[in-house]
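Order of writing sets the labels: A, B, C and D. Residues in every chain begin at 1.
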Amino acid sequence: MRKDGIQTAVAGVSGYAGMELARLLLHHPALQGRPPVFVGRDAGAVRLTDMHPQLADNNGSSGLLVEPFSWELLKKRGVELLFLATPHEQSRSWAPEALAHGLRVVDLSGAWRLRVHEHRAIYGFHDEDAAVAERVQTGSVYGLPELHRKCIRTAQLVANPGCYATSIILALKPLLAASWVDLDRGIICDSKSGVSGAGKAPTATTHFMYAADNLSAYAVFGHRHMGEMLEQLNLKESQMIFTPHLLPIPRGILSTTYVTFREKKDTAEVDELFREFYASSPLVRIFGHLPQIQHSVRTNYCDIGFKLAKDGRRCIVVSCLDNLLKGAAGQAVENMNLMCGWDEAEGLA
Amino acid sequence: MRKDGIQTAVAGVSGYAGMELARLLLHHPALQGRPPVFVGRDAGAVRLTDMHPQLADNNGSSGLLVEPFSWELLKKRGVELLFLATPHEQSRSWAPEALAHGLRVVDLSGAWRLRVHEHRAIYGFHDEDAAVAERVQTGSVYGLPELHRKCIRTAQLVANPGCYATSIILALKPLLAASWVDLDRGIICDSKSGVSGAGKAPTATTHFMYAADNLSAYAVFGHRHMGEMLEQLNLKESQMIFTPHLLPIPRGILSTTYVTFREKKDTAEVDELFREFYASSPLVRIFGHLPQIQHSVRTNYCDIGFKLAKDGRRCIVVSCLDNLLKGAAGQAVENMNLMCGWDEAEGLA
Amino acid sequence: MRKDGIQTAVAGVSGYAGMELARLLLHHPALQGRPPVFVGRDAGAVRLTDMHPQLADNNGSSGLLVEPFSWELLKKRGVELLFLATPHEQSRSWAPEALAHGLRVVDLSGAWRLRVHEHRAIYGFHDEDAAVAERVQTGSVYGLPELHRKCIRTAQLVANPGCYATSIILALKPLLAASWVDLDRGIICDSKSGVSGAGKAPTATTHFMYAADNLSAYAVFGHRHMGEMLEQLNLKESQMIFTPHLLPIPRGILSTTYVTFREKKDTAEVDELFREFYASSPLVRIFGHLPQIQHSVRTNYCDIGFKLAKDGRRCIVVSCLDNLLKGAAGQAVENMNLMCGWDEAEGLA
Amino acid sequence: MRKDGIQTAVAGVSGYAGMELARLLLHHPALQGRPPVFVGRDAGAVRLTDMHPQLADNNGSSGLLVEPFSWELLKKRGVELLFLATPHEQSRSWAPEALAHGLRVVDLSGAWRLRVHEHRAIYGFHDEDAAVAERVQTGSVYGLPELHRKCIRTAQLVANPGCYATSIILALKPLLAASWVDLDRGIICDSKSGVSGAGKAPTATTHFMYAADNLSAYAVFGHRHMGEMLEQLNLKESQMIFTPHLLPIPRGILSTTYVTFREKKDTAEVDELFREFYASSPLVRIFGHLPQIQHSVRTNYCDIGFKLAKDGRRCIVVSCLDNLLKGAAGQAVENMNLMCGWDEAEGLA
């Protein structure tokens, strides 16, 4: 992979994650002078800065267009890596086509994250060639660099993780990998997310009057990020509860995770376990105190802290991230960095 | 009109103003034991508290239904007064029909507020009998009790004022009635409103991500409340500017109004003018300081304060109200009180 | 106790709970014409509506004063029931004095809620006569009507519960009383509260810039409401975890409580258990869905809903209330109603 | 001035503007490898990232300290340019001392912005040598690059403009410079600012409960930014009204400015005037629509748009900026860029 940048494209730039992806790629050191090709489903071209005025500057990005999607266009522009910031149905059909056209793909949707059939069922894909889907799925990598760094480097299709899933998997993995957790006691993940996680479509629950001055639990015992968490953590559904809540803030996730250790530990031991596990992970910050949303938002980090009960067995892990960055666009760029042989945190720290 | 209550009905209870109207009517002292008939456009009946869980109590309101609208139903239930908390197109066709059925009407929409043809044009009514519309319009009263108390008492159709218009007309009327204002200098009304003013339909601008952490001016030189303000204040378009802004709060309006006096006044004179003008208006509070949204919200008052420049001629009037109460449902109940011969503030103070 | 009202007094009306208490008492049907005596620590009298402009009306409450506190004043005004909306140190010294003066007391602070010495230690009371304190404590009643209705009726000193504690005790008590909960599995209470719970003093964490667009866990494994929850639920510290979080909203608490049942139950059984337990509790609403903060705020209810896992053993209970109402002032009035022999929900539903 | 960076120092990094300044300087391309010296009033050194956890990364900034201020320390570290993000009293005494030590200074406070004695009086400086103060004042430059770019390049002391003042001066200057505005009609500036503008000290008005869900006008006819606006725009107090309001958002200013032209203009003419005036200003964006706070926040731009009445004479200019960036830290860096001979927008676009 060349050090002098590659040609990227972004499909789905109109959404929140797509906008953050555009911002990150436009400022990425390895991509200077090679802005992404932006493609969308509109019939005609639209100025990127008409769509997102905050991206305007006086140095030319205002000249960038979002053009009608076609494989021909991508080919003509020499696109090598395609980001899909599209709905999962769209990603489900476009990713195999992109691979067939020789493109590498980072897909931000839930379309290709899941190996277990029952977990996939919740997305309800229709009208597809099952054999093709299975083959593509098998060839994909779950794009959580802290767990799958090595495979991501050579992957053709990277399935970027869900935002909730990122916050919870990163909080639990070190403890589970060390076999410290008493799984019979059950793990509770109580998560809270800002409204951008619900997408840009105006709906009853994204209305300001619904979300503001409110808090509500939703998708209790039925959120579709559950599948990827179980798969990545090797847990059974009976061993973990995940409850998402809708916070009255634009962005940010805080997950409060409750575990019981099989044996008594002290604070220094837990701290060391986390720090060692993430020693070579540039985008995880281990804090000596509990992280807060305001310190993670608008960064590409996942922040982790914990507190141990006096009994040394009950432990509360708090993890925070920006759902649009480490939970979406930032992680997608992190995956690009790995796929291109660049520093994992290039353009992100 | 009897002292022992009347039978009311509410059409359009699903919206924000309709919900507040339901709440006020259910708690109104003169209507105890005679809850409103709630009607909507759904084919079947819906429980009121399924629509608005916050209205549930353990004393029976949970048994109330929102029933499919029909004139027969209203007749059967003995409805005497109909509140229309419906879109203006709906109110434009239902109000004449209601009058024909012998009902008195308080309409919360903009359908019947305007006398001047050009002001009405902005609402773009179609497919209506112009002669009927003209006759109904002529028989209606603009429902701002502080100005038209006497006419409201006997009106068959009361056109409840717009929320912005209420805040601005009440701020300006005493000064204009006293001929204090130098109209050649122009009047500036810079208004800011919470999101509920934009209605319950999920749209791009009511999305939490658009409204939160933001402020935006909109409908500059073209808001449809302009017409009723000009008519009620006897002003020409060239004499007044009205600029609405969308605030990142659920409810409340603050209007900052700038006038220049023809002659020098002192603070005591201005204060006295306001206090005298509203001496018999129970739902206007004149403050010695500038009012704030937080003190007006969830009350049925319009709060008014002012500050005079050292020159004694430039004056800033700040007026606040809850757009769903004094700006909509509260004022509708105030009009009902007058129409029924009750105390103007019954159930509102 | 007479049906024609009693003379109340409120100490500490400047705070958020004190303000809500003033509002409730001024509108209470049994206290019409007998407004509370408001007392504070200022040297001179202050107008109540200068302190809280939102309480102003045109019918006289603007004439009410907050007067310098003295036992003589309370005696002179014939006060029979004193509400202490004061800091716990203040309540700790005033409550015994009030009892000695023959007053009945509802204390909204944490001063008198706790029987167990270690639970009390966290409040660190100093310079007090231990024997007197013990005697007063013993004579007090924990003012959660749903549990102690009968004792409250005749109590001289009612210790109004903490806001978090109310939401959690009411969520858990029916399940624990029925011995359904497997205590070996541990109970997790993940609570989220609006900023008013932190009081009116401007501090680093009540600053808008800290609280807005943020979420943070605090007092983890060390919140002082833990004691009253353990006492009222007969639990050991090892059986329950309570984690409070600071929400970026003015008011409202939502507690997400996780329990595991000893035996499989179905939804109807759980629903029936809750409904029966609270059948005669007018200020608890059992919802068929999960409650949200926006539906509880500005009501005097505690709303409860639940969701059962497919295994019929893991259950999530969500409870919501307004921390200033059912979590403070509303519950204080509820206690007054019981102490006076009135309907429990008088002036509250 | 060397292209290879200079040694900077920042006093007052604990505040909001100081934090943003730290962030900008740490990422500034010309300062790589030469982080600022951070100094404060604490007796001992504090880690920068303990003060501002969001500044932590895995590349070393966590090792940075905020050290006790002394001129010796600054000298020892070879500081050439000192940013004062300190209260105005502090800046008033430190700036002359810094100049005497041969340092160049960018002061973010209001201490050195004003030439007219009456405008300065509002800051009430005491115990100072009037002759020294006068001399320093005379040697200072008002640091608004769009107006004083040339003088800033060689200035020893740059007085960074106020946040409100920046938004209003930039909105009005092109129109006033072209003599288009009818000054007899008066100019109205209705401004709205987020809470960070009020500083980090916890006060009654920065309490979340005061600011949230609220809007309030303050300092009406008496805000201290008025002086710098009048001076920079060559206006008399009688020709302009400035009314600030406190918005319930963390950051961002929107100013709605009302002017009347002496002669009829069309939209194209106004647009051209603005675009020409700011043709060589990289940090002003002229929009074809009205700007919003959400598009300016977290950028270093001032965004300007306008709307003309049909009469071609009444014009509403809306200007937006981030009060901590173009209104404070961003503009301070812009001034540093000019003082060092770098591109004006280096590290800012």
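Simple rule for what comes next: a residue touches a chain if its C-beta (ideal position, glycine included) is under 8 Å from a C-beta of that chain, and two chains touch if they have at least 3 such contacts.
Please read all numbers here as calculations on a predicted model, not as lab measurements.
Trainee: Select, from B-C and A-C, the pair of chains that is joined by more C-beta pairs in contact.
Mentor: A-C
Trainee: With chain centres defined as mean CA positions, report which chain is farthest from chain A.
Mentor: Farthest by centroid: B.
Trainee: In whole angstrom, how far does the Cα centroid of chain C sit from the Cα centroid of chain D?
Mentor: 46
Trainee: Find the geometric centre of each of chain B and chain C from their Cα atoms only, then give the gap between the two centres in Å, rounded to an integer.
Mentor: 37
Trainee: Take the average of all CA coordinates in chain A, do the same for chain C, and state the distance between these two points in whole angstrom.
Mentor: 41
Trainee: Two-or-more-chain contact residues of chain C, please, as numbers and ranges.
Mentor: Those would be 210, 212-213, 248-250, 292, 294.
Trainee: Given the complex with chain C, which residues does chain D contribute to the contact?
Mentor: 16, 195-196, 200, 202-204, 206-213, 248-250
Trainee: Spell out the part of chain B that touches chain C in their complex, as residue ranges.
Mentor: Those in contact with chain C are residues 53-54, 56-59, 213, 282-283, 285, 287, 291-292, 294-296, 298-299, 301, 345, 349.
Trainee: Could you pull out which chain A residues touch chain C in their complex?
Mentor: 185-186, 188, 190, 192, 210, 212-217, 220-221, 238, 241, 243, 245, 247-250, 252, 254, 256, 258, 260, 290, 292-294, 297, 307, 309-311, 314, 316, 318
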